[in-house]
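Shared between the two complexes below is chain A, which has chain B as its partner in the first and chain C in the second.
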Partner chain A sequence: MVARLLATLVWLVISVLVLSSGSALAADPIRVAVLGPMGFLQGEHHWRGAQIARDEINDAGGVDLGGERRPIELIQIETNEMLSVSDATTAAERAITRNRADFLVGGFRSEAVLAMQDVAMDYQKIFLGVGAAHGELGERVQEDYDTYKYWFRVSPTKSADLGRQLFAVLASVAEQIRTELGRDDVKVALLAERAVWADPLVQAAEHNLPNMGMEVVGTWRPSAVATDVTAELSAINRAGADIIFTMLSGPVGIVVGRQSGEMELAAVPFGINVEAQKAGFWQATDGKANYLATLDTYSPVEVTEYTIPFVESFIERFGEPPAYTAATYDAIRVLAQSIEATGTLDADTLVDYMEETTFRGTAGNLKFDERHDPTWGPGFVTGLAVQWQDGEKVAFWPNGWQGVSYEGMRPFRFPTAMRED
Partner chain B sequence: MLQDIFFTGLINSGIYALLALGFSLIFGVARIVNISHTAFYMVAAYMVYVLGHMLGLPFWLAILVAVLAVTALGVLAYKLVIEPIREHDTAVLIGTIALAAIFQELMIIFFGGHYLSIPALVSGYTEVAGVRITNQRLLTLAIVGVTLIGIWLLLTRSRLGLAIRVTAGDREVANLMGMNVGGIAMWTMGISVGLAAIAGVMVAPLFVVDPLMWLDPLIIVLAIVVLGGLGSLKGSVIGALIIGYVETMTVFLVPAGSFLKAAVALSIMVLVLAIRPEGLFGVAFEEER
Partner chain C sequence: MVVRTMRRGWTLLRTEVLVLPSRIVVLVFAVGLLVLPLFTTDPYLLRILIMASIFATFAASWDFLAGYSGQVNFGHALFFGTAAYSSALINVNLGISPLLSIPIGALLAGVVGVLVGVLCLRLRGPYLSLTTLVLPIIVVSVFFAIPDITGGELGIRRVETITRDRVANYYIAVCMMLVLCFFLWKLGNSRFGLILHAIREDQVAVRAAGLNTSRYKIMAFGISAVVAGLVGGFYGHFVRSVGPAVLAVQLSFEAVIFGIVGGIVSIVGPVAAVFILYPLTELLADFPAFQEFRLLAFALIVLLVLLFMPRGFVPWVRDRIEQVCPSCKNRNTRGRKRCRVCQTDLSD
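Right after this comes the complex of A and B.
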């Protein structure tokens, strides 16, 4: 009796083991950890972009790995990086060791991503950065290739390229002020938050703008978390600026948008305003930020054949357009394409392939340079400049810049107060 | 530029004064250093967002309900968290830090880290002496003025105010004279949190509502009450004026260093303390008892 019971038990255990291992083999997934501050918009969009990529790939049968179809499995990793960099490193460690992630994508705050990059490199895991712009992330690849070669930045372009794009757009806005408003002497106020990333941009602006035929009327450096900039805006108004050249990544961007609109300044804010890239910006500024403009990544314009379907799919599923951290979509498609092409999950082989290949992404042709940063310029990733017009974020640049134009662009407009001034 | 500094500084000082007065009041009466003071300010701002924006109540009603609800929350927090440990200053300090952290985390759980906005009650701007001041800021200035006058009348013309002043003067003597010192502390906590709530609902349409919005004002409020003299109501108002104007002048006079405005204000505080350790209107420590 006992022997029969034991035999039954052994049979049961073996059945369970065989079944579970069988199902695992049939659908052994490729695990991608999506790292981000999930309570914040940046992390939410990391996750949403990745979800769309996963579903598209899995619905098409999964990733072809040497003849075997393998599904993508996403692991959501809360990094808490907005509040704690050390939490972010712990999260990256956990994603690799406990969740057994094959690849990492995401990250937002440069300080946190620099720390998470080290963790990923220690484990020789490919980490596709989507969110942090700090130049050092790429410089590390150049300086210590063997250690950092597993890092690639999908979005945004590195800060030096952001600067080049900024000046290109600024030149076109200044030209429009000269031709449409008849002002030869274009005055620019620099409004940059006090942050390391903005310092070189401020220096470059102070040096370059006079050479570009613009007068710099002053530089204001509020805190990134300032809740009130009326003093700065009053001073800018007194200085008679036509353009408020913004370099803002923190919530101060909302304050600038709202208060400049409330004060009906005769100047147009343009530059980098990360908060203005978000769909919720119009509500956050109480609809006061009309005509505020910023660099951006996504808009319903046809940058490539993938852009509009992705943006529309995102809006249909989540009810709002994607922020630039939703480029996890591109990151996962880059991984899928590389795995299929090489037929392996081996990190070194994949790195070789990714270095040599130009990927067709939603923001342009993605070709990694020697620092594993996306190449910026015509034919590659150019980025967009967008302007809030009556509650809608519309793209206005590049519109003919170096021969580059995308279907769906609209003209740049000036605030009423500027036309009346 | 002088008129810009005058008006901008006046409005900033007014909001600081509301916050600092409440903080100083509860310290003066009950020797409670309430670190969660500006967290109540944050909760009031969120409450206006929920009631006015999400539930669609008229904003004036949302503001009224928010002030009353947050005042009640303050009294509840006093009864549940502060009163049981009131005799232990360090425990109160840590307890109120925990309270603030709880409020912050609750806001992150319910609203995420999103930056929220509340519409202005009045739109447009008015030019005063060539300075553009939004009508919402003028309204804020008026309400701050009315509130400060109301508090002054309450403290000087009512029995409750008399009891509060007596308790603030000497808690032990007040106790020996048969006054209900615990009850007065509770009432004072209500008034103190009510002032924070008024500041919160007034800045909500001016600034951005987010879970960390309580941190910056806390540092400034601490600077103001230490500068003015811990527990001194007059000192809080004058300290608020000094800090508010120093901040504004920094922005106008050193535009590229406008991020330093808080640091400059704190430096002024340190300088005053080096000369007068009890603050401008505080009681010298050795004379306190």
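Right after this comes the complex of A and C.
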């Protein structure tokens, strides 16, 4: 009887010790709300990127907050932002008040993120944006710093920098056409979906390309959901274009990939093609989109020492490469580093630190500018350009651009029809 | 004077409200909403109730148009969105206070409502519904074509709030809902409402009785649009941004769903549906397992309600706690032996 009692007591003590040691790690976690449209690829990758960061940090013992190890706890917040802006704002408020989130990361649709940004700023909560590209998010920081200083954008670069990157890659492709194919007069066709976001890019291309020594042979504006673009592609072929400068975010990107391959065009598509960034693009185009190129964020190239391990870990765990919204990984690591360096969760102190520090992220060196946007350019975040080559998405830019090159880059290739032309 | 007013109020309360369980429930609900901030000022809870108040009024305004007059509008977001956009534009570009820009926006929505009413005068049934469905889609396309004015896909930002105080916003939203829904309910039960009922049932007969049905239908469109516009304007100032989502087809269908689930031709029905479904879906969002299935759960609840309560939730409940006098058609508490108005025997 006494032995049984003793055994029970020993078990009780062990249980209490185990529980208390566990709760030392879980007692007072740092709560990070991951906001996103979880039913969509963008939100799914928000969550996956954050999970990898959380596991890495917690496996290493948590975040050192003034000598105390604190684990990261993620809170998944379905914003429903694709359908409803009011749902998104309510979700952001739920994360802050009900779930007691210390920090917010994520957000995708600009219209909703602007509204969620207001909610986060009301509560003076640090919100690291990962997904929305609109410049206004950063402009607010510049114009009303005291209110909006808690907002930082981790990814993507702001739309103006995205434009600069596009033209830099385009210049590099044009140069390769001149040197490899011996064509001095490079002709470009603009293929932009009928959407407001593409309008300034079309205007900029029409204005800039002649100054860059390229001829614009025409502009075609199919619907973002068009299922047939043979008329546009035939016209582009007749115009003798060498490059099809794409500005496509909708499913028409798949159609362009498939039909340009079927028609064996003597031109290479490059630009923004959101569908082509996805792992399933090759299958979606029945393998016809060979040599189609687009801007992208992640590829197994060594942008920094963190890129390849992250991409490989992501593919191993989830069976597909990360989309750019998986940069929640970087966002959480930025938070962890800032908390450890300052030893506090105080938002104002963290903001000061984040403004001063250059973080080493998976997409480059992350240095926030005066608008709290990532600085774009050599030595900072440059982005990548990728090309589909025989079923594989390979990175080809920057490959020597302004002295920037990453290990693992491959050369840009031209369709056979272009070489024969 | 004060004593006399109080006495009249008490008499009204005793003879008109406390005699029917459904009205007592409405009274308790209204008083409960008004005293809630005395017990909690949880900003998240107040936000949910503010949103619920906005959408409840919006759904009630749809019920007034579709339920009472039979003009089944599938594009009701047009009025909500017109007011939200115009109020935000006036506020941002002209610097006019939201207290003034909201009524102006609502009046503009009313004008749009009248125009739609005139446009749809000769249309009935599915033709009317389909025409109204496409109108907000056309407006969104026009807004996209003039991004310099409307902000295009991103909409209008930096919209001023009436107040930053959550409790104050709560009282504005709740009081707007109570006043506007009471107004719609009274109007629906007035002579004007009776004529709308008659138009819905038999337009030719009403015309034969010498009434100008066109005028009544256009007025119903106008009134419904102004009410939707008032909460649409307030919504834009509360959320601080207005984008294409306020004109989305989904928003129009939400009004229809809330109206049908709650029970049309009642005003109270859509309000009840919003106040049950909106917080419920938010509550489900607290459970990670349900987050992705929130819309599915919402659809399931709607289907179940329509399966077991085909006339809607409020009529279903009301039929169980009240009965209609076969003689004077007034409602009585179920179980009463005699009608409270005409004393007809109700024991059968």
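As a convention for this text, the second predicted complex is superposed on the first by the 395 of 421 C-alpha atoms of A that agree within 3 Å, B and C clash if a C-alpha of one lies under 4 Å from a C-alpha of the other, contacts with A are read in each partner's own complex, and residues count from 1 in each chain.
The criterion applied here is as follows: contacts are C-beta pairs under 8 Å (C-beta built on N, C-alpha and C of every residue); 3 or more make two chains touch, one makes a residue touch a chain.
Since we're looking at a predicted model, the values are computed, not measured.
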Joint occupancy of chain A by chain B and chain C, clash or fit: fit
Which superposed partner A:Val255 touches (first chain B, second chain C, both, neither): first
Touched partner set for A:Leu295, first chain B, second chain C, both or neither: neither
Touching partner for A:Ser86 - first (chain B), second (chain C), both, neither: second
Chain B versus chain C as contact partner of A:Ser110, first or second or both or neither: second
Broader residue contact with chain A after superposition on the shared chain, chain B or chain C: B
Which superposed partner A:Leu209 touches (first chain B, second chain C, both, neither): neither
Which of chain B and chain C A:Asp286 touches, first, second, both or neither: first
Chain B versus chain C as contact partner of A:Ser234, first or second or both or neither: first
Partner chain in contact with A:Gly39 - chain B first, chain C second, else both or neither: both
Least C-alpha distance (whole Å) that remains between chain C and chain B when both complexes are overlaid: 6
Chain B/chain C common contact set on chain A: 39
Contact set on chain B toward chain A in their complex: 1, 4, 8, 11-12, 108-109, 112-120, 123, 125, 131-132, 134, 136-137, 203, 205-208, 210, 212-213, 216, 248, 251-252, 255-259, 262
Parts of chain A lying in touch with chain C, wherever the complex brings them together: 38-39, 76-78, 80, 83-86, 89-91, 93-94, 97-98, 110-111, 114-115, 118, 122, 134, 136, 195-197, 199
Residue numbers on chain C that touch chain A, as the complex places them: 42-44, 47-48, 51, 144, 147, 152-155, 157, 164, 235, 239-241, 243-245, 248, 250, 282, 285-286, 288, 291-292, 294-295
Chain B partner contacts - residues on chain A that touch it in the complex: 37, 39-41, 44, 82, 193-194, 218-223, 225-228, 230-232, 234-235, 237-238, 251, 254-255, 258-259, 262-264, 275, 280, 283-286
